[in-house]
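You will see subunit A twice below: alongside subunit B first, and alongside subunit C after that.
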Partner chain A sequence: MEYFEPKSIGDALSLLSKHGAEAKVIAGGTDVMVDIKFKEEPGALVNIKKIPSLAGITERGGSLRIGALTTIRDIETSALVREKLPVLWDACRQFASLQVRNTATIGGNICRASPSGESLTPLLVLEANAILAFSDGERSEPFKTFFQGPGKSAAGAKGLLTEVDIPIPPAGSKGVYLKHAVRGAMDIAMVGVAVMLTPDAGKNNAQDVRIGLGAVGPTPLRAPKTEALLKGKALTAALIKEAGALAATEASPITDQRSSAENRRWIVEALTRRGLEQTWKAATGKEVA
Partner chain B sequence: MSYQVVGKSTPRTDNTAKVTGEARYTSDVLLPGTLWAKTLRSPHAHARIVQIDTSRAERAPGVRAILTGNDVRGILYGRRYRDISVLAQDKVRFIGERVAAVAADTLEQAEAALDLIDVRYEDLPAVFDVVAAAKDGAPLIHPDMNNYKGLPKQFDQPTNAFVQDVFTRGDIASGFAQADVIVENTYTVPRVHQGFLEPHCCLVWIDEQERIQIWSPCKVPQGLKSSMAAAFDIPKEKIRVNPVTIGGDFGGKGAPFDEPIAYLLALRSGRPVKMVMEYREEFIAGAPRHSGVMRLKTGVKRDGTMVAHEMEAYLDAGAYGGFRPGAVIGGVAHAGGCYRAAHARISVSRVYTNNLPGGQFRAPGEPQGVFAAESHIDCVARKVGMDPAAFRMKNLMVEGDETLTGSHYKDIKAKETLTAVLKASGYDAPKAKNIGRGVAMGYRGPGGGNTAMQLSLNPDGSVVIHTGLFEQGTGTYTTIRQIVAEELRCDPETIRIDTLDTDLGVSYDSGIGGSRGTRVASSAAYSAACDAREKLLTMAEKLLNWPKAEITLDGDFLVHQKKRQRWDELLKGIGRAITGEAVTRDDGHSPVTAFAAQVAEVAVDSATGEVTLRKLTTAHDTGAIMNPVGHQGQIDGGVVQGVGYGMIEYLPVLDGKVEVANFGEYKLPNIQDIPVLKTVIVESASGVGPYKVKGIGENPISPVAPAIANAIEDAVGVRIRDLPLTAEKVYRALREKNG
Partner chain C sequence: MAKAEYKVIGTSPARMGGIDRVIGKGVYGIDLMLKDQLHGAILRSQYAHAKIISIDTSEAKKLPGVHAVITAEDAPNVRYGRSYIDRHILARGKVRFMGDPVAAVAADTLAIAKAALKKIKVTYEPLPVLIDAEEAMKPDAVVLHDDMPLPKNIPADVKVRNVCGFTQVHVGDPDKAMAEADLVVEEVYETKMIHPQYLEPRSAAAQMEPNGRLTVWANAQAPFPVRQEVAKMLGMPLNNVRVISADIGGGFGGKGSGITSGAAIEPICGLLAQKTKRAVMIVLDKAEETISTTIRSGAKMYIKTGVKKDGTILARTGKVIYDTGGYSGFGVQAGGRCTNMLGGWYLMPNAHIDGYTVYTNKQVCGPVRGPGGPQAAFAVESHMDTIAAKLGMDPTEFRLKNIPKPGDKIIGVHKLRDVSLGETIKVAKENIGWGKVKLEKNQGIGLATGSWIESAGPGGGAIVKVNEDGSVTVHVGKIDMGTAPRFGIPVIVAEELGVPVEDVTVLSVDTDASPWDAGTVGSRAILVSGTASQRAAIDARTQLFKIAAGQLEASPDDLEIVDRQIRVKGTPSKTVALSVVATNAHNVIGEVIGRGYCDNLELMAEEKAHGSSQPFTTHACIVEVDTMTGNVKILKYVAVHDIGQPIHLAAVEGQIEGATAMSIGQALCEQVVFDKDGKTLNPSFVDYLMPTLNMMPRIETTLVHGYPGAGPYGAKGAGEIACVPPMACIANAIFNATGVRVTKLPLSPENVLRALKEAGKA
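Up next is the complex of A and B:
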């Protein structure tokens, strides 16, 4: 295995072009090192951690920009993220363990494109964009189309994620991320549900509701039918019940070691309901009636 | 009795070495010219080996020796029951069984050579279900079982159920006839791995004098010698087990694993041979706790008096039974519980299947049996409309009773222990919705054993102990040191204990296990220290003309009235050390047992089934506590392992194939899963040995899982009879209940 430490995005991209499918980018390495140990060793390992200015959180023109090398811990401890993007903050604080959060990067989490990746459903509901660099230039790709399957993304083998661009939701919008796992820490989500709710001016109705479902399909998913059902309405217990059941049908989970598919749908239903109750209350100050 | 050192929290002897990295583990031992060996494992659960061709592997770079079943014909090993093939002979019996072994210059070369061994298999009918395997007509896994050494009882016809133990009391049929209410249920438990950090490993070297030098974290070094000697028909004296630190045992490191293979490869290559199992191999072939199916049937009078208690247990031994001390797993019989019933029948079968072999894990048999029994007792109590704690109180054994399996103990503290836990846990306090409390109990007396110990007071002022007991990681050496310090009135830190070496001084020990460490060690250390003191005082009397009865010890000094004399100076004068010796034979049934009672408090999320263990209170009936911090460590560790067994851990096996390969997939609890732990000690003066001790190591683990299961039913009204108690099982049951 060859090992490289490019000092610029350009150098990194040319290494990726040169080595093609043999090459593997490594950032925090919390996924890559596990794969090297248990799956296979790449022909060339391209460590991007020496590239300056790929880490950091900045606010720019109605967006938060988070560099690909920003660690999950830095996001979790950022006051800016906590204030403006509570749904992302909520996911990051439930991620693995402190040790892993100190090492793992958001870019790695995204490019790994695991359906259970903690930051992925929040980025979907935030309608964020991936800023990708290729040898022929840069482009912005919405996360809606970025994730293509387990481990597959629009970055492909030759692209580099440099940043994520996250439009800051309207003031008054609230978000939560709910994780269901076997143990209390250091565990992959069996189901993850991100809910974001923006109230109307009078705080009487949900002007916008977005729901992201993790670990229940080949990619992280949105639940468009459920969102449509809720949009513009006041959330009542009956409506939330209906929404939970509908969200469960929008998931397409599999059965594996950790859970049956059937159970995953049940959990989607329960967590969707819970997420709606919590965001409704946070956004309107009212309990669901 | 008041003591200076005994009974006070004392730092462990091995703290510094472990923290600084100085402790020497087996894989740290390096000998010049060492080869690495790996084994080829069977991908088939039950198959005939039609042909095995090693010729390509023999020519591979770095390869020095290769073994197959043809090289080990007729050799079977095991701890006492000897049914394990060193390498599969003619047929394989589980996925992961060792079929061939290669020793090469490097680990990578050994691994690469494995891929060049060609084996042709022909599948045989396999059986994976323990109950099916026990039936007539099931594929026979060991047709020769009647000829194996160490089989407790022969059978007319060979059977997979190679151990069939039955305890009876009264007449079970008439017991059920007297009952007003009969409750019958089946409980199932999965395999769980011990989860030690250091996998099985060994280094074997045949030295210039043709002695077999072994480094291995086997916790029973004398047993390892015996097993090797028996398997290869060599005198025990030819074998030496060298000192190493163990990287965790939890019961799983009592049996020889790869030592026989490493020995044969060393013999063949003339080089030292090292083998270290990968954790993946631990999961597929590492002898975890047995899985099992247990049917319980209990008859009670309307007022809640138990009259008949029956259990039929099938434990899945997998393909080989020799990885545990005896063929029989006595602990399951604890499913008899701590209760009185005039009529009982408890049958326990250990059954061969084509799954991976079952082994030994902390309190062998009890976590299984106690889960079933203590869950069942709750079901019975609820059926007759009694509070489960009150039902237990009514039926618990009292002084003069024997256990349902016929064991007799004095100073029965069952009710005191239960009372203590109910009070300390707030069992009767009001609860919010979806909060539940569950109680469960267990009992276990300290195991017995034999050992030898030697203690020398040296002219250089040092105090050195040689013991036949292995430090399994529980702190036995710390206790030994406390006792010697107590009896010789010196500072424990000044006493050195040499890590066990089967060549040195003491070569007699029945091994650590069965919570016997403190019982056996405290007797031996006390006797050896008293012997040394007696010899020292006798010498002092002679040399100093002080009347022996008036001499006391104080650190480095002998003291008589106002006069003080350093003892090392006297020894320098006579030019020799003083040696205290003890040979302890204490392997009888303990006259006392130790009860444990626990209350789990859970919160159940009724929308997802998620169970949060909020608090676990554990009460223990103890003897004198030698080292409180060590004692508490055993309690907390045992409870946490119980939490893992209850809620998280299991080794998934599908058609004989283990489906996890690492600790990412095989989950153990971590710090977030540990609830508030509370301990209550119910101390009594009736322990055994010079300090009146009882065991603790295995007592805390077993009641945890049923206490949680019982708490779940208390919280949300569903009963889970299959471990672990996952959110999915709870939620599924809730859906069924609520329609």
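Up next is the complex of A and C:
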């Protein structure tokens, strides 16, 4: 295995072009090192940690920009993220152990493209974009189309994720991320549900509701039918119940050693309901009637 | 006996070598580095059940850096086993689970050894795979061991296959009693395979000595049985094999090579050393551990009980199907124990239980902490609460109604000496706040009891040597893994010899020097090595007094040792230092060497005359169930135990907490998961869910006193019993919270949610 430490994005991209499918980018390494140990060694390991200015959280226009090398811990402890993007903050604090959060990067979490990756459903409901660098230029790709399958993304083998561009949701919007696992944060999520709710001006109805479902399909998913059902309405217990059941039908889970598909649907239903209740209350100050 | 009579018994002095372990200085087997050591690695079967058509090792042998490639053909054609002699050193002719060792390599580096494994070509002819023990028993199932007959005691009209152990409990007239019952309750319970998951991996090292002897370093719980097994498997005279115990980082019955023949890497390592004439070390990695070493078996238990309206139990019938895996291992003993314990530890005038230990294509059963007990208790104690609910009785009242008195018998025990069961229930009720604590919505309270064997078994000896500085060196045959040798034994010897605990050194086991022992299993370390050490210390003291008597111009009978001084009782001015007497011994007998034994015949006679002094326990807990997701959180947990006189208090509490935590793990999340081909789907800590600290309640331990056991000072074994009640305790609290009875372990979110859904409660 050859090992490289490029000092610029350009150098990194040329290494990726040169080594093609043999090359592997490494950031925090919390996924890559496990793969090297248990699966296969890549021909060339391209460590991007020495590229300056790929880490950091900044507000620009109506967006937060988070550099690909920003650690999960930095996001979790950012007052800016907590205030503006509570759904992402909520996911990052339920992410593995402190040791892993100190090492793992958001870029790695995204490019790993695991359906259970904690930051992925929040980025979907935030309607964020991946800023990708290729040897022929830069491109902004919405996360809606970025994830293509387990381990597959629009970054491909030759692209580099440099930043995430996250439009800041309207003031008053609230978000939660609910993770279902046996042992809490340390486990790979059996199901993850991100819910974001924006109330109307009078706080009487849900002007916008977005629901992201993790670990229940080949990629993280949105639940468009459920979102449509709720849009513009006041959330009642009956409506939330209906929404939970509908969200379960929008998931397409598999059975594996962690959970049966049937259980995953049950949990999607439960967590969607719970997420809606919590965001409704947080956004309107009212209990669900 | 009041505590005050003792100087150090019942206190908690620092554990010998404890700090070294905590700060990372502990020296384990894996830290050994022998001169010119080669690295060994084992090729494991990729099929759960297959015929081996051929093994071609030629390519592997050609690889530079490879020094030996061995298969079953390189060893004598003998088999080992404890009840059924059914296993070869490396698979011969057939493999019976994925992980069965097929070949082994010794090479200059581990990387070369692993590369060589990949070059060994094995041609298999796959055979049907048996995963479920109940299916495997069926008369049309494929037979896993052609030449292993059914147990002789199986009734002729029972048509089964793949059964290697049969236990029948029959008391009174259960059919008649069942017919007379006001209420009959019938249930089926199931537990899954768990792996003991000690953190230190299994390792073995072996080296041929110039004189033709073989030295083996093993982190095994039973060095003497390992010696015997290695000698047998390699065709060597016993006295040419020496086994040295490496420090052990947890075993929990999983490192029972020699006792179970389940995971014996020591003979394989020995064979590689023999072939290469070099030192060889084998270290298993976590995935290899999980798929190949010995485990706590899953059991399916049918249980049926007849009771009177007032709660008096009339009869129990049942059936146990105990999955021993590809080889008999410890399954016959554990399955037998499970069958007896399905009869419970309450008064049971009528019973009939059949227990079958069954071969399947899975990992082999070992003597994992309380073999058979936790499984049986999950069924028995869950069932007790189901019955109590049907009777409309408080579960604790129902239990107290059926408690044996001293002199009574219970299933498997002809006579009980003392019975602390009732007191443990009462104390646990008090400690958890039974009937008093206010429970919120979806919270529930539960309780379960347990018992464990305390009876005769193999004996053992101890040697206590008094050095000329007055310090003491002790040899026992039990290895240390956080158990008695380095906690309780120094305390016992210090108590008898009037020296500080830190003056006592207990040596690791070396079969060339230590007294023979059957192994550190069965909660027997304090009983066997503790008793032997106490007697050896007393013997040494007697010798010291004899030497000191002349100098002190007193009769040996009038002497005592206090604070390293031998003195005349009542005349504190007449003293001589222990070190002076021990030095004077050089000119008399050379060295004071005390000997002592735990005599099994004596134990049996005691037990026959006065009954068995079994330990009892009650655990109680409060849980909260998330009825939308099935997650269970334990809010409070109390463990009340009678373990007789504690010798080292912190060690006893540590054993209780550790065993409770182990079973809480099995209760809430642990299991080895298989696919239909017998492949383990969760061989790493990512997916084999050990409980994490955030799931673990504080375990509040209380000891009840006044029930002396058969061990020294009235001690009872404490290593296993706390594994017995937790699963039912938690299941009962879930039942109390939700009204739903979960009959299958683990009580994982999915299993709990499924049960809630089936009952229409979620």
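Going forward, the second predicted complex is superposed on the first by the 288 of 289 C-alpha atoms of A that agree within 3 Å, B and C clash if a C-alpha of one lies under 4 Å from a C-alpha of the other, contacts with A are read in each partner's own complex, and residues count from 1 in each chain.
One rule holds for everything that comes next: a contact is a pair of C-beta atoms (placed from the backbone, for glycine too) under 8 Å apart; a residue touches a chain by one contact, two chains touch by 3 or more.
Predicted model only: the values in this text are computed from it and were never measured.
Peer 1: After the alignment on subunit A, I want to confirm one thing: do subunit B and subunit C clash, or do they fit together?
Peer 2: clash
Peer 1: Check the residue A:184 against both partner chains and state whether it touches subunit B (first), subunit C (second), both, or neither.
Peer 2: It touches subunit B and subunit C both.
Peer 1: What is the contact status of A:271 with respect to subunit B (first) and subunit C (second): first, second, both, or neither?
Peer 2: So A:271 meets both subunit B and subunit C here.
Peer 1: Taking the superposition as given, does A:103 touch the first partner, subunit B, the second, subunit C, both, or neither?
Peer 2: Neither subunit B nor subunit C is touched by A:103.
Peer 1: Which partner does A:47 reach: the first (subunit B), the second (subunit C), both, or neither?
Peer 2: A:47 sits against neither subunit B nor subunit C.
Peer 1: Regarding the shared-chain residue A:63, is it in contact with subunit B (first), subunit C (second), both, or neither?
Peer 2: The answer is neither, since A:63 touches no partner chain.
Peer 1: Please write out, lowest number first, the residues of subunit A touched by both subunit B and subunit C across the two complexes.
Peer 2: Overlap of subunit B and subunit C footprints on subunit A: residues 38, 180, 182-184, 186-187, 257, 259-260, 263, 266-267, 270-271, 273-274.
Peer 1: Spell out the residues on subunit B that touch subunit A in their complex, using ranges where they run on.
Peer 2: Its residues touching subunit A are 607-608, 610, 648, 652, 659-662, 664-665, 667, 669-673, 726-728, 731-732, 735.
Peer 1: Help me check something: in the complex, which residues belonging to subunit A touch subunit B?
Peer 2: So the residues of subunit A in touch with subunit B come to 34, 38, 97, 180, 182-187, 257, 259-260, 263, 266-267, 270-271, 273-274.
Peer 1: What does subunit A use to touch subunit C in their complex?
Peer 2: Touching subunit C: residues 38, 180, 182-184, 186-188, 190, 256-260, 263, 266-267, 270-271, 273-274 of subunit A.
Peer 1: So in the complex, the part of subunit C that touches subunit A is made up of which residues?
Peer 2: 628-629, 631, 668-669, 673, 681-682, 684, 686-687, 689, 691-692, 694-695, 748-750, 753-754, 757, 762
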